[in-house]
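Structures are listed in the sections that come next.
Next, two complexes with chain A in common: one pairs it with chain B, the other with chain C.
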Partner chain A sequence: MRTALLIPLFVIVGIVAIYTIRHYIFTLNRLFGTQRQPYVDIGTAQWPPVTILVPAHNEEQVIGGMLDALLGSDYPAERLSIVVINDRSTDGTREILDDYARRFPGRVKPRHRTGGRPGKAAALAELSGEVETEVILVFDADYLPGAGLIKQLVAPFFDPEVGAVMGRVVPLNLNRTLLTRLLDLERSGGYQVDQQARMNLGLVPQYGGTVGGVRRSALLAVGGWRADALAEDTDMTYRLIVAGWQVVYQNRSECYEEVPENWPTRIRQIKRWARGHNQALVSFGWPLLKSVRRLPATVVFDGLLLLGVFAVGPLLLIGFGLATALYYVGFPIEYGILPVLGVATYSTLGNFAAFFEVATAARLDGSRNRIRLLPFLMFGFLVSLTSVSVATVTQMVQSLRGEDHHWEKTERYRNGNGGTGGRP
Partner chain B sequence: MASPATGSAPEREGLLRDLARRGVRGGTIDPHRAMLKLPDPGRRLAMASTTTLIGVTGFLFSLPALGTAWTWIFRQAHSFLGLPGAVVERSASVLGRIHFTVPTLTFDAIPPDGTALLAATIATAAVLMLSFALRGPLVPLAYFVRALALVQTTAIVYFRFWPEYFPYRLSEYLVGQLQAGLVVMGLIPLVLGFTFYLFDLSLIRKLLLTVMVLGHLAVFLPLLAMLHAYLVAIGTLVVLPTLFLMFGLLLHVMVFVAFYGWAMSWPSALWQEPKRS
Partner chain C sequence: MNLWYGLAFAAMTVGWFLLPLVPAILELLHPSDVAPLRVVPRDAGDVSFLARGFRQYLGRQMNLLPAATPADFLGRLPDGTHFARVKAGPDVLRPGEPGTTQDRVVRVDTPIALAGNQTFLQEVHATEDFVGGPQTVYRALLGERRITLGERSRVLRWVHAGGALTIGGESALQGRISSDESVTVGPGVEFDRIGAPEIRTTGSAAPARAAATGGWQLPDGARRIGDHHRIDGDLEIGAGVKVIGSLVVTGRLTVRQGAEIHGSVKVHGDVTIERAAAIRGSLVGRRNVVVGPAAEVLGPVIGDGEVSLGDGSSVGRGDAQTTVAAGTLKLGRGVAVFGQIMARDGGRTTN
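Showing the complex of A and B:
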């Protein structure tokens, strides 16, 4: 009985230990390694025509601010088209967009979707076929790009091997609640350390789909956006990687976003991410493994770990269950002190890797005081773990029943007035 | 005297290096946070390894004194709490070379009877109900309380059906808790060595944090063990699984993370307040 519990428990601990080592390697690399930012110094160039796609569903609170920020970009205006995809909004989004289109003819081009499959992936799939520029940037409607950001995101496409580029996401509303502060810490760890270390090490930086772009020819080569993708960004990242394109990350290219301010919204968001990631795991796990002859083994290995990141949640819960069962049947003392040391080491060093990463990122960011919130991340971790596990189990049941998934929009908080219409 | 602009080549290079980092108001231009990194990794890793080695060695040789101090704390707490039995010492050693003692109690708690199980069930149900009243910003606390209720439910079910198979006695449990705590304490210099000593803080600050965390655990571990003993004495063995699984090692790690978070917020040369010269 004890052995039956111990074997799967140690397998789970082993898997989690691999993620732990990965966290340490990434953090040490970010602290001491050469920071690869090969395109950030390109300031003068023959800038190509660019189309910016902004999917929007009921975004009246934020879309004006977003358009104002894009119109204030230092990118040559005659080479920049802003296409906002109004995905059957029922609020004032349509009116705001039409007003901007009237004020900025040829620059702001709203597209009003009234039918078809709902959701960001479907909206992008429908519109991207009409785009004629080689560079396509995609932003979420709540993002506020700085004036120089468009050039920074376009610069990597001068490299013909680059299929997609991703910038850094920085929360705008971080001082609203404890949750927003915790999410700021998480985002900091994810981008400042995780993404940049993957870029440094030539692994798989993820195209996040909210402040980044894709090359049109690469997009067409891999078959365009998939309308049924729950996480079109992860889906696109892996299709490009498997096809041999480079995905690059620009840590210097910061863009502001709204993070959830309340826990129900956060729970819905992370459940959506989990379902999308799990879908990508099923779709690309095997194709990625098969591409080991063409891609570096490290890329394949890290790619698989990135794909499985949300599957670890349910695994951890199973691990806790096994450890509890093992506790009731009695820990096998005859195995000696090694398992005790192993478990103790894992409980301290293992769990600690993520805190090291987040604290390092926040320290690099200069967010000194916020690092003191570190222990509260454990509570956030508990919520995420439970939510991801529930989402995974629900997804499995839905798949077995043949049910379709539906897309959920993240709530917005900015008390917008529809923007300034480009006026100062 | 020659001005730097017309001085020797090294002087000119030094001036150019300085100018390249100087802002319009005479302040220093710090690199963007996206570019920041720590210099001298080899020196830092060497220093971290050395300090870690010294910390772990120092801790190991302090074990006999620590065991004596814990026995004293156990005796004071035992008397204060009015617990039955007596405080005794168990021998232990590290690699057969460093010998020390760990205190424990001679009394053994009883398994829960029907009344105790009923009381535990009612209390668990009440806690679970309470969790549904925790809304808004308290949602994470609600999740924790539910996890607590879930673990306690496993204990109630276990003692309802298989009480005779429960493999732990309180005296062994206390020794196990203290020994696990010692393992955690021994790992502290190692963890700090490679996650904190690397940063550009003074050696005094680094040592201060290590001493604070170890000092805290040195006092907290025996007091927590005695609190567990007290709760088991009045609540029977049915509370032991929850105490072990939710308020043992997990609690120590959380406290350590709190110390670490605080120390990582201490100022360093990585970020500097803008100079107003």
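Showing the complex of A and C:
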């Protein structure tokens, strides 16, 4: 009995300890290592034609601001097409898009979807076949790109090995609630430390599905976007990596976004991410492992850890369950295994950017007093832990039953109403 | 009694637990840092950004000067900055007197040639041709027409010229150096960033190279990935050979004399482009990049380590401006770069 409980506990502690060490390596790299941003200095070039895809579903609050921002880009206008994919919106999105198309003929091209599978992945999959430019950028409708951002995101594609590029997401509405402020900290840690460290170390920066883009020939080579992908960004990242392309991160290519302002929306968002990531884990875990002969071992190892990041939540809960069970059945846990589990818990999942990564990011960003909110990240951690675990368990059950998943849109707040959290 | 001890102990425990939360609660109740992080400004990468900002600033300030302000003026701008305007009487700057220091913004509205060994602690704005003497130190210099900096000049922040900009030998250029027309850099000059339609180092340009005609076979083990071929290990492309398509090389790459690659190249190891070879696309090196004499790269050229452009080599074209971005950068004689140069850890022209 004791051995049956101890062995899985040791395995779990070993896994979370690996994640902890990985996060410490990332943090130390950002503080003391050589920083790689090789493409950000390309300010002058023969800029290639670019298509910007903007999937949109009921985005009347934000789509106008988004289009104004894109139209204000310093990218050569004759080489920039903006295609907004209106995915069966029922609000005023269609009218707004048609108005922009009228005012900016040839530059803003709305596509109104009325059928087919709903969701961002399906919309991208349907439209990407029609795109003829070699570089395709993707933005969500609530983002506000700066004038120089398009050039910055296109620059890495001068490297023929780059299949996808990812910029940095910066929350705009952080003054709304405690949640938005916590998400601001979390995003800082995730991008400023985690993503940039992976870029520095030549590992696997993740294409995040917005504020980024893909090379068309790479997209075609890996079979295009998968309409049934729950997280098309993670799916694309791994298909590119396994096929031999590089995904690069540009820390200075920053773009404002709206983050969820209420907990129900945040929980739905994080569950969607968890399901998508878990789907990718199942799809790409083995192919990635098999590609160890073609890819650097560090890339394969980091890729596997990144794939498994949403599986850490349930593992932690199981670990604490096992520890508790061992205690109550009368077996003391030796070798200091419980403190290791505790420390690893605090510094592994850490709301997807370990707490010391968040603190490091705040320092690198030069932000001052917002770091005082760091203790409150514990609430976000607990919400994430339970949400991810619930999403994982229900996903497993749904998969066993053969049930389909459906895509859920994150609500917008630009009108200042704070959202409904999904309530009608 | 024990109950009170217990309660006190419990209160202390709760207090200790809540202590780290006190700053958090205070920040939550009285937010003091809730502005979104500032994203990188749109023009941060524009080499002439600071110069254009100064031109706007000085224009605003001079518009606020009284209309009766004389053309030759020594005083203050409306915001209190010490200021000198030179029109008919260049002796305000004492151009014939070396060893002087100007701790004021200077506006020069007449062609001027300075004696040298001067220090300008504030910005200089020249609306006519400006010729600086040797060993002169500039904080920043904006010229609406031609600028010529003497030998061993030193620039602390930026220089921008509307016309041709010529940098004397052994100068040290910190910050951004730019021209709307051309920049000519003398020997032994240290620099960080240069931007202009045409950037040249002194020395004669290379003669036109002959086109490559030789055929090329993909090496064994090369894999096609999307629109490029990936070669695991080192690769050598023979002299005079013509390669069609983009390449990714995981080892070292050597492109022999006169060979041509019609595509872009990414190399994980060191890369050497030998004399009169050509890359008709971008060149990306994870380590050191050597572009040999009279070689041509359409660009951009991106090197994580040291990039060396040999005598008479060129990057970009007059009608196809591009960027050279490197850790450190060495420029030989007669080098031409059309567009922009960025040396993160510094660059230098050969003596």
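Simple rule for what comes next: the second predicted complex is superposed on the first by the 392 of 424 C-alpha atoms of A that agree within 3 Å, B and C clash if a C-alpha of one lies under 4 Å from a C-alpha of the other, contacts with A are read in each partner's own complex, and residues count from 1 in each chain.
Just so it is clear, contacts are C-beta pairs under 8 Å (C-beta built on N, C-alpha and C of every residue); 3 or more make two chains touch, one makes a residue touch a chain.
Quantities reported herein were computed from a predicted structural model and do not represent experimental measurements.
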| said: Going by the contact rule set out at the top, does A:375 touch chain B (first), chain C (second), both, or neither? | reply: both
| Touching partner for A:177 - first (chain B), second (chain C), both, neither | first
| query | Who does A:31 touch here: chain B (first), chain C (second), both, or neither? | reply | first
| said: Tell me the contact category for A:252 with respect to chain B and chain C: first, second, both or neither. | reply: both
| First (chain B), second (chain C), both or neither touched by A:363 | first
| task | Would you check which partner chain A:4 touches, where first means chain B only, second means chain C only, and both and neither mean what they say? | result | neither
| field | Touching partner for A:263 - first (chain B), second (chain C), both, neither | value | first
| query | Is A:393 in contact with chain B, with chain C, with both, or with neither (first, second, both, neither)? | reply | neither
| note | The shared contact residues of chain A with chain B and chain C are 40, 178, 252, 254, 365, 368-370, 372-376
| Where on chain A does chain C make contact in their complex? | 36, 38-46, 74, 146-148, 152, 158-161, 163, 170-172, 174-175, 178, 181, 184, 188, 215, 217-218, 220-221, 243-245, 252-256, 365, 367-370, 372-376
| request: Report the residues of chain C in contact with chain A in the complex, numbered from low to high. | output: 20-21, 23-24, 26-28, 31-37, 39-47, 195, 223, 225-228, 230, 246-248, 263-266, 281-282, 284, 299-300, 302, 304, 320-323, 325, 339-340, 342, 344
| field | Contacting residues of chain B [partner chain A, same complex] | value | 32-38, 41, 44, 136-137, 139-141, 143-144, 147, 151, 154, 158, 165-168, 180, 183-184, 187-188, 190-191, 194-195, 198-199, 241, 244-245, 249-250, 253-254, 256-258, 260-262, 264-268, 270-271
| said: Quick check on the complex: what are the chain A residues that touch chain B? | reply: 24, 30-33, 35, 37, 40, 168, 177-179, 192, 196, 251-252, 254, 262-264, 267, 323-324, 327-331, 340-341, 344-345, 347-349, 351-352, 355-356, 359, 362-366, 368-376, 378-380, 382-383, 386
